[in-house]
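Look at the two complexes coming up: subunit A is in both, with subunit B in one and subunit C in the other.
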Partner chain A sequence: MADNSKFYFAKSHEWISLDSNNVYNLGISDFAQSELGDIVYVQLPEIGKQYKKDEKIGEIESVKSVSEIYAPVDLTIKFVNSKLNETPELINNEPLGEGFIAQIELNNSSDLSSLMDKNSYESFVKSNHE
Partner chain B sequence: MNDKNANNNENGDKKTPLYDKHRNLGAKIVSFAGFSMPLYYKSIIDEHLNVRNNSGLFDISHMGEIIVKGKDAGIFLDYVLTADISSIFPNTITYSLILNENGGVIDDLTIYKFSNESYMIVANAANTEKDFAWIHTQMLNLQKTKTDNGQYMFQNVTVDNYSEKIGLLSVQGPKSRNIIYPLVEDISDNYGRSENNFCNIFNFQYNIKSLKELNHFEFSCVRFKEIGIEALISRSGYTGEFGFEIFTDADDVGKLWDYILEHKELSNLLPVGLGARDTLRFEAALPLYGHELDETITPYDAGLEKYLSKNKDFIGKEALEKIKNKDKKLIFFKLAGKQIPRHLQRILDENLKPIGCVASGTYSPLNKMPIGSAYISDSNVTPSMLKNFYIDIRGNFEKAEVVMPPFHKIKK
Partner chain C sequence: MKKFPGSKGLVFNEDLLINQSSKGLSGISMPSNNLSGAHISKTAKDYIDAKFLRNEKSSPLLLPEVSESTAVRHFTRLSSWNICVDTAFYPLGSCTMKYNPKINETIASLNNIRNLHPMLPAGYIQPILKIIYEFNRLLCGLTGLDEFTFNPQAGAAGEFTGMKIIKKYFEVKNEKRNIVLIPDSSHGTNPASSYIAGFTPVEIKTFFADKPADIKNKSKGYIDINELKKYINKDVAAIMITNPNTFGLFEKNIREAAELMHKNGSLVYMDGANFNAFIGNCRVSDFGVDILHLNLHKTFSTPHGGGGPGSGPVGVKDFLKEFLPVPYISADRQAANKKQAANDEQGYYYELKNKREYSIGRISSFYGNFAVILRAYSYLLSLGRQNISKISEIAILNANYMKKKLKDTFIESDPFPEELCMHECVLNDNVFQSEGISTLDFAKSIIDYGFHPPTIYFPKNIHGAIMIEPTETESIKTMDSFIDAMKEIKKKGNKYGSKSPKNTKTGRVNEVLANKNPIFK
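After this line comes the complex of A and B, so read on.
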């Protein structure tokens, strides 16, 4: 993932980012993975399916807990990171990179403005979880 | 601000003396049994495997210590606890249950016998106050009761809760001796010489084995070199591995924790949180109160009948003798899929009829698969005949297979 790629974060701790190939990627934040701990199972979203904002698109299970993944905006799944079937710990190791969950199309590109940039997300996490 | 705040978190949870050290090590802190405890420092899986391969250090100061003393202490504990207590050798440990009148399990415990007149009960953190209240009430009731020949018994018993005065660490794993042996000085011959001797509270009466001679479920007294801290050390644990549990003064346990961590390279030791404590105990098929045990479960249900003494009367025995059939049967299983079974999820037979509930469910870091235990409450089901069955994991029916525990000894 390009260094200069911009990340947009949701309050439910997912991110969306445009990579160097002009493809939108979706994943969960570093804070989210650190809260979950060792991830042992990921239920990936369905390829080709359209999801509404805040709809559940998948599940992440760690040794101690289960957490749902939500669509941060209206989107369509184009590709899923099937490496996570065998190596779900990629999310722990590289939540913003190799541990992405899916590649998506935005159903309405202006929706991104409803999300937070990195700095706002970090202060959001700080004020809500510390 | 009052004094209590020093030992309590904002959410009302208690802290062990090591709370700040866990925070400084970057632990994820969770609420467990009324205490703020480390769930993990970096990774449950890494900490788990390090205990199986090397060694790990646990803060288990949240656990309770109840000291029972007096001439009648042995016969009193024989009546309150299910296992034989007064007749075990001094300086050994026994596992026991404490039952209510209906035969339900109030707690599972280990009991340290120092002499015929001095014992220590080590209790689950969540149950310590309940156990202490129960034991104390039984004592008062028994002391008021006249025997058939007009005598009052159990007059010479004292029951004291030492839980806040004692800190407890556990060092577990095949390399545990590599770190403990070099750090301690054997004081088994002269533990009673100094005045501020921690071990004095236990009133030893018999010769103590030295640390290196200890078998499983035996204990000794040691002094940690350089820091000069004295401790009661037992060959025991909750992981299925070789290991030690180390009791010391609550005021000294921080220094002892640091001292052991400073020498971690001796055994590739890592601090280990409660997350791995649970996955380790479960792979070893050791019961956890609140999961495999509670007041609605009898020792027969849990497969713990070997801890019910046939040699004596005890609270709950009469009720147990009336039970003809087990209400429930405890089984252990593994899953083919990857989703993890969780406490109280439903067990379904091959026709998807509910036949029981998950007791414990977790991920086995050693076998890299989900594993669990369950109570089968359908009396028509024989666990050994159970072929195809399913766990209802949030609406997904995941196929499971009965296995013989422990899971950490299963050959792949």
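After this line comes the complex of A and C, so read on.
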């Protein structure tokens, strides 16, 4: 089981985190939202659907372009943040909080070890994008 | 101080026509008719159920009633709010906004052409069919392909047509191939077109980082043959290559890539939207292309913008001819003799034919966008063969001139400092970012200088991309002026950039709101 409130990041800039209710949340990183710019539309994943790691689960449209959201691990969607339908800018404002995309169940809980913690993600971003 | 074309001036307000309406005003004088009311005994009420008729009192028909001068001013004022090729340098990368010679318009507005009815039988429109037929032959000569169809009325419609042909080709061969390989240097429409035609698009990476230091051993925007090989298998129907690609580079490995595909039994589709870069100087058949679309509204100087009007002819090699859409035009000597029709000096009679053995069917009604075909034909004939080669030579020269001239200030923004570009040069946002200016800020600022912004944020794999396509119709003076404006924007910094444009009718638009709550009326 992962640490509560610890964020696990994927190279494709999504995060997974276990909240205080022991539910896994999924979103995109602060770096990802700042690269996208003002977000105007989010195509949310399908509730109940299982996705394989690296499979496309949704789309984010910003004034600049459209980008895909990928499953960082094998997962099932339990709940989606439908607030994003009306206020997609939540992702810009609070990418790691209110701007989460979905609540998920891990289909293989050891998966998280393939992801990066906050520090290694930050240095990953630094070495690749600066 | 340098003088830029952008200047302050009086910008007219203009209200909706309906708000300028006065009852009874009219812009035209109708000739009186000699029909007495007796000829018309029935009205709409006799034919249409009363519940479908509009109630003149409760919902009157709101048509503006204005004088001719009001109508002329209305549309002239509206047009003055716009930036167009005829008023400003328009280096919109990938869109080829070259100057459109006015001779094309003169030809297209000739009375006996403008007033043609699309339902006229072939015998009455022999010269029209001849124009389309001959233009087809001209395009074949310039591309080395064997036949074109003019049915698709836009570039992406051409891509879709091409993909449908590939689909049908493998169906007829009884081979199941579902994958289309698409390098990430291709146009954004390519994956969409192949997907809609029923294929699964698979991306081939050509570019991994946009700073020169990071790409030492990487393929730097070209198709990497070894990378490509990893994806080739018996499920691959075709590769879809944009050449020159969206980085403005000529795919130097295209021949090798084509050979690999052919060895695998796959086809080679080329997105020819950037044909402006080599028209008249090399033929796509020489580097293995089986099927191609061109954009008449780009390379062939027909006016476009805001989605049309377009024409995206698709050309194929001989073995794919029978898959092309219908109708097509055939030229026949024997038919001419039989019909004793008013045929042309070569003795041909032109007919619209509807049968091809494996045709994918119809792509559009009638035969395509004739007014666009005609302008493009006029463009080629008015240039003459020797000048057609100069189109691409000067387009490349101009783009490289800009790339080179930008080097002193923007070298840190050039993802391909060692390469020559083709007809467009691409920059990233490193230099502007260091001044706190975003690519969007730059694009908005350059409007105040009297230029249309370049294409921005595309291609996606160049950070904050700025894609400049000067085209062959611009002079050194114009390009210099644009370059000076870029440098000045950089110097003025973020404070100026973030508030631009200031001299336009409408200032900085709230793009988030516009995207989220578009108002369509």
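Things worth noting here:
Basically, the second predicted complex is superposed on the first by the 126 of 130 C-alpha atoms of A that agree within 3 Å, B and C clash if a C-alpha of one lies under 4 Å from a C-alpha of the other, contacts with A are read in each partner's own complex, and residues count from 1 in each chain.
Convention: a residue touches a chain if its C-beta (ideal position, glycine included) is under 8 Å from a C-beta of that chain, and two chains touch if they have at least 3 such contacts.
All of these numbers come straight from a predicted model, not from anything done at the bench.
In this overlay on subunit A, subunit B clashes with subunit C.
In the superposed model, A:V63 makes contact with both subunit B and subunit C. Contacts of A:N128 after superposition on the shared chain: subunit C is touched, whereas subunit B is not.
Contact with neither subunit B nor subunit C is seen for A:V23 once the two complexes are overlaid on the shared chain. Shared-chain residue A:I47: touches no atom of subunit B or subunit C. Judged by the touch definition given at the top, the superposed model places A:D38 against both subunit B and subunit C. Superposed model on chain A: among 258-266, 294-302, 330-338 or 384-392, the stretch of subunit C in collision with subunit B is 294-302, the rest showing no clash. Common to the subunit B-facing and subunit C-facing surfaces of subunit A are residues 37-38, 40-41, 61, 63-64.
Note for the complex: subunit B touches subunit A at residues 28, 39-40, 43-46, 275, 279, 338-340, 342, 362-363, 365, 370, 394. Of all residues in subunit A, only 34-35, 37-38, 40-41, 43, 61, 63-64, 66, 92 touch subunit B in the complex they form. Those residues of subunit A that touch subunit C in the complex are listed here as 37-38, 40-41, 61, 63-65, 88-89, 128-129.
Interface residues of subunit C facing subunit A in the complex, by the touch rule stated above, are 209, 440, 457-458, 460, 463, 511-512, 515-516.
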